[in-house]
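Below are structures written as structure tokens.
Shared between the two complexes below is chain A, which has chain B as its partner in the first and chain C in the second.
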Partner chain A sequence: MNDTAFVQLLDIAAGLVLVTSFAALWLRRLVAVARVIAVQGVALAAVAFVIGLYEHENELVAVSLMVGALRGVVLPGLILRAVRAGDERREVESLINVPAALLAASGLTLIAYAATRDVVALSSTPQVRALPLGVAVMLIGMLLIVTRRKAVLQIMGVLMLDNGIALVMFLGTSGVPLAVELGIASDVLLAMFILQVLTSRIRNKFGGTDLDQLRELRD
Partner chain B sequence: MSATGIAVAMLQVVLTIAAAPLLVGMMRLVRARLEGRVGAPIRQPWRDLRKLLRKERMVSANTGWVFSIAPLVLLASAALVAGIVPFLSTRSALDQVGDLFAVVYLLLLGTVFLSLAGLDAGTAFGGMGASREMTIAAIAEPTVLVAIFALSVSTGSSNLGAIVAATLAHPSTAASPESLLAFAALAVVTIAETGRIPVDNPATHLELTMIHEAMILEYSGPDLAMVELAAHLRLVVFLGLLANLFVPWGIATTVQPLHLAAAAAAVAIKLVALAATIAAIEVFIAKVRLFRVPELLAASFVLAFLAVTASFFLA
Partner chain C sequence: MVGFSLALAAVAAALAMAAGAALPMRARVLWVGVLTALSAAAGGAAAVAVLAGSGTFTANYPNLFPLGGVRLEFDALSAIFVLATAVVAVPASIYGIGYSAHGPASRPVQIAFPLLVWSVMMVPAAGNVTGLIAFWELMALSSLVVVLAEHHHNTEARTAAQWYAAMTHLSLLAIVLALIVLARQAGGDSFADIRLGVHQVGPISAGVVFLLTLVGFGAKAGVVPFHVWLPRAHPEAPSHASALMSGAMVKLGVYGLVRVGWDLLGGGPVWWGAVVVVVGLVSAMFGILHALIASDLKRLLAYSTTENIGLIFIGVGAAGMFASSGNRTLAAVALAAAMLHVVNHAAFKGLLFLGAGSILSATGTRDLDRLGGLARRMPVTAATFAVGSLAIAALPPLNGFVSEWLLLQSLVHSLPSSAAVVAVAMPVAVAVVALTGGLAAATFVKAFGTAFLAMPRTAEADQAHESPRTMQIGLVALSGVCIALALAPTVFAAPLQRVALAVGGLADGRPIHTNGVYLQLSGIQAGLSPLLLAVGLMVMIVAALAVVRRGRVRRTIRDIPAWGCGRTVQTARMEYTATSFAEPLQRVFDDVLHPEIDIDVDHRTESRHYVQAIRYRMHIRDGFEHRLYLPLLAAVRRWGDRARAVQNGSIHRYLAYSLVTLIVVLVVSR
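On to the complex of A and B.
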């Protein structure tokens, strides 16, 4: 793989991770958002895969395949199950409307570029130059958590936040040892299980997962 | 501004005016065939225009001068843009004087005059259509600017011909993230600005959701022919921009007649492919609710915005 092709593939894959996070804010149906998160997981794996191929690190290629399976298939599959279990497939109640959310996310992207300026200045590799995208995905994940009411969507926000952290990790360090990556993956999987159990218990107890209604005490 | 450059610009305008109704006719035919209808022949839009031009000019007594000159302004601005945009050669004379900003504001000039004409007649439909058109234009025009701006950042020039020439010189930039994002943004805006599904339905009259047709309801005869021809021209201009900014191969970098003929064939193939794709997609999707249109356009603006940030920070 030559340098130009590497830079373009890396930028396209990392750009896709960011674009999917915007798509998650834009779409209204819960199932569609869950699928977009799956695409984001695959794009994230593609970033690791491209870096692994370029630097001839077989371990990173293996990690990328595992990341693709976990974040592209397993975790979105869990979320889809949680969505289908409830009768709330047609979302989306948001605290701010869609154009405002998209503009806020654009602002967050600019903040990510501004905040990482000093880090990017340290090195001129294409990986480090794409690093702000990971920070932007983290911030947009937080935006999703803050503005959405349904617990299921907030879980998706957590997953997006974690995808952003993973993207920063791949771009900043060119991959961590397999043992560490396995540890992170099992942590995320466990967190997803716990959140899914919590969501289904909330639904069983209160009939819905609108968290705003859980704020007030009632007899 | 050389004589040959002027000749190229004139040739572009003439060819675009001749081809625009045919392209629209082809899109209608593709749609009809996919829906299982026989459909009108490809030259039907030209026949319609000829019929309208023969008719008497009827103007409501309550309209002012804006109503009378709006079709002229609309057609003239669209024809001028057809001369500026690099369709055949990167060395068109008008392209040297007009750049990205000129193109966007010439197109906006036509939009504004058509909306004013819609308001001028004082009918309910006209006002409604004008207000909707402005809602869309207010988000769509900045998106066009920002999307093309993303391409001009790497070129260092806002001249459309220079952008196309730079993409020709460095083919790998055509697949960079910023140009992919800008392409997606410009594609959505093209659909909104030319009044196609899912934003507007070009085939309906007297429907509560329509935009373009509501504004031109009061026009008849030669005036209506001019408005229709301008609408066809705008479609070709937007599709041509989309085709030549992102897939510029085939365009002539000289002004030799042979190269120009080859370029005309190349741009015709690109336009037909693009138009047929749009027509085919339209069969399968429904028009979105009017209140969802700003969401669609906000998404395209965000894509254009991301394209600019990518071309600034990643390149």
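On to the complex of A and C.
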């Protein structure tokens, strides 16, 4: 793989991670959002795969395949099951409307670029230049968590947040040891399981997963 | 010798705590009392050795705490406070054996009491900032447990403990701030280093440190306006613990002020002393006025503690003013008066609290208006309470008189003074001390008269019985101490000189000369012989009794009811009560006290000219509590309610907080 192809592939894959996070804010159907998250996981795996190929690190290539399987297939699959288990297929309620959310996401992306300016200035490799994208995906994931009412979308937000962290990790360190990645992956898997169980419990108890109704529970 | 005594005190206190934790109830109370008394006696022995001139004892434990060691420095100033503690703690511990048997015998209290005694003795012994703060906090916590002793069936105790906890932490905060600033600027943690480096502290920092010290130690001493915890906490604690807290613990406020203000900081401008004198004057007046109208016996004693601490503050502050204006001989006399009053007050206030405890355990009430006629039923308590009352009213020949006389002498003889502040402040101080003396006499005539004389006002008072032997031992021992201090204050002449010399910034020379019988003040043409005074008084009393007896033989005696007003029976309802006794004086000080008085008159239904019942209710609010603390608490509560809007239960809002925080951190830390 030559340098130009590497840079272009890397930028496409990393850009796709960011674009999918915008799409998650834009789409209204829960199933569609879950599929977008799956695409994001695949794009994340592609970033790791490209870097691994370019730097001839077989371990990173193996990690990328695992990440693709976990974040592209297993976790979105879990979420899809949670979505289908309930009959709330449409995400209708958000605390802010879609244009405002997209605007806020753009603002967060700008903040991510501004905040990582010094880090980017340290090195001129294409990986580091793409680093702000990871921070932006993290912030947008948090935005998703904050603004959506359904607990299922909160889970997707957490997954997106974690995707952002993973992207920063791949771009900033050019590959972490397999053991570390395995640990992180199992953590995320565990968190997803717990959140899914929790969500179904909330649904059984309250007949829905609107978090605003939990407000009654305080003191 | 000193080191051995201090070690013995520590070991005995530890054993007492172990006994309090491990033994069953009966044995627990006994062993805790005995071992605590032993611990206090050992501390007292160390104090006596130092006061007798064995020199300053120092010890160093550099690795006691992770960040700083503890140093002990036991000099004459420490010793006089430890002596005051021992004077009250030994009898109070023995008294506690009988008192706790049907009262506060629970494990926490029995563990906390020895710890309180020991930590009160160790605070003056500390020789560095870390040690002082550590022992101070130990003392605060153990005393808080003791205040909470009866929280099961007494909600007042819980409120009292809350007030006490808040005030004692305010105190700790101010002290820690002051000492940290001082240690930082003087470049050392131990008192010796601070004394060496204190010249590096600028005048403004020194002033700030002094004011923080005054707030911190003043809050513990219970001076106005930090006195609010005292009339709440002292009544609720078990009586032997109130005796210790009121007699010894609050004195450590005075100790801290003298130690930091005039020893470590080496004294300062005249206004330091002036502020202390003003605080003392206000406390003395305010305390005795509220004591005068209080009808709860222990509340009365607590307010009287504020008054006496006020007197001690006047002495300490006057010493500071004299020293700053150049008259160090007079400063030594004022300091000696204050220190002697520390010891004396420990003895008689301890005695009075123990007496109040005997009354409480015999009748179940502290309300003077429900007592009466106890003198015949509780003769030992009555006699010892009478000794304490005479002493606290500063009447010769008891010990309160000696120290207040010394204080007045030092104030009066400052008049040919150069500094204007001194010349203005001292006559006022003399007037206030004289007035508080008079009001204190009225207060304790009321307390003794309504509790012990006349007819019992309630069935409980009628069925009262004398307390158990151990309690009587405590009472008699403390009255013995009061009388001994009254007859032989001359033994304090040399020790008080050592105390004065230990406070570098305040005094030099010898405050009191003595030839064993006669006290002669240095620099003042004044002298006193308490022993001769007492002998003279005794001779006169005996002579008067003899004359009366002689007269009795000559005349025939007729028994008729006095002031019968045509009635043939007198009932307890016709007696003066504590409230009615204080009423004329309460009218005089109406403008200061602002009492709320309700009088309800019920008429008979047949005719409005016949009264069926009259109800008189008087309630006096503590002005400082009402005007200063309650508005402050209300403001805090309002802010708290406003702050609850931050936490409204919405999960989205909590999540948004973390997002916003993350963004702010990203932007700021970039």
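Quick note on the criterion: the second predicted complex is superposed on the first by the 216 of 219 C-alpha atoms of A that agree within 3 Å, B and C clash if a C-alpha of one lies under 4 Å from a C-alpha of the other, contacts with A are read in each partner's own complex, and residues count from 1 in each chain.
By our rule, a contact is a pair of C-beta atoms (placed from the backbone, for glycine too) under 8 Å apart; a residue touches a chain by one contact, two chains touch by 3 or more.
Since we're looking at a predicted model, the values are computed, not measured.
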Specify the outcome, clash or fit, for chain B and chain C once both structures are aligned onto chain A. fit
Apex chain A: angle to the C-alpha centres of chain B and chain C, given in degrees as a multiple of 10: 130
Which superposed partner A:12 touches (first chain B, second chain C, both, neither): first
Applying the document's definition of touch, where does A:22 land relative to chain B and chain C: first, second, both, or neither? first
Quick check on the superposed pair: does A:103 touch chain B, chain C, both, or neither? Answer first, second, both or neither. first
Between chain B and chain C, whom does A:95 touch in the aligned arrangement: first, second, both, or neither? second
Looking at A:113 after the superposition, I want to know if it touches chain B, chain C, both of them or none. Which is it: first, second, both, neither? first
Is A:139 in contact with chain B, with chain C, with both, or with neither (first, second, both, neither)? second
Between chain B and chain C, what minimal C-alpha to C-alpha distance in angstrom results from the superposition? 17
Which positions of chain A sit in both the chain B and the chain C interface? none
Within the complex, which stretch of chain A touches chain C? 95, 108, 111-112, 114-115, 117-118, 135, 139, 142-143, 145-147, 149, 211-212, 214-219
Footprint of chain A on chain B - complex, ascending: 172, 175-177, 180-181, 294-295, 298-299, 301-303, 305-306, 309-310, 313-314
Under the definition above, what is the set of chain C residues touching chain A in their complex? 647-652, 655-656, 658-659, 662-663, 666-667, 670
Hey, which residues of chain A end up touching chain B in the complex? 4, 8, 11-12, 15, 18-19, 22, 26, 98-99, 102-103, 105-106, 109-110, 113, 120, 126, 129-130, 132
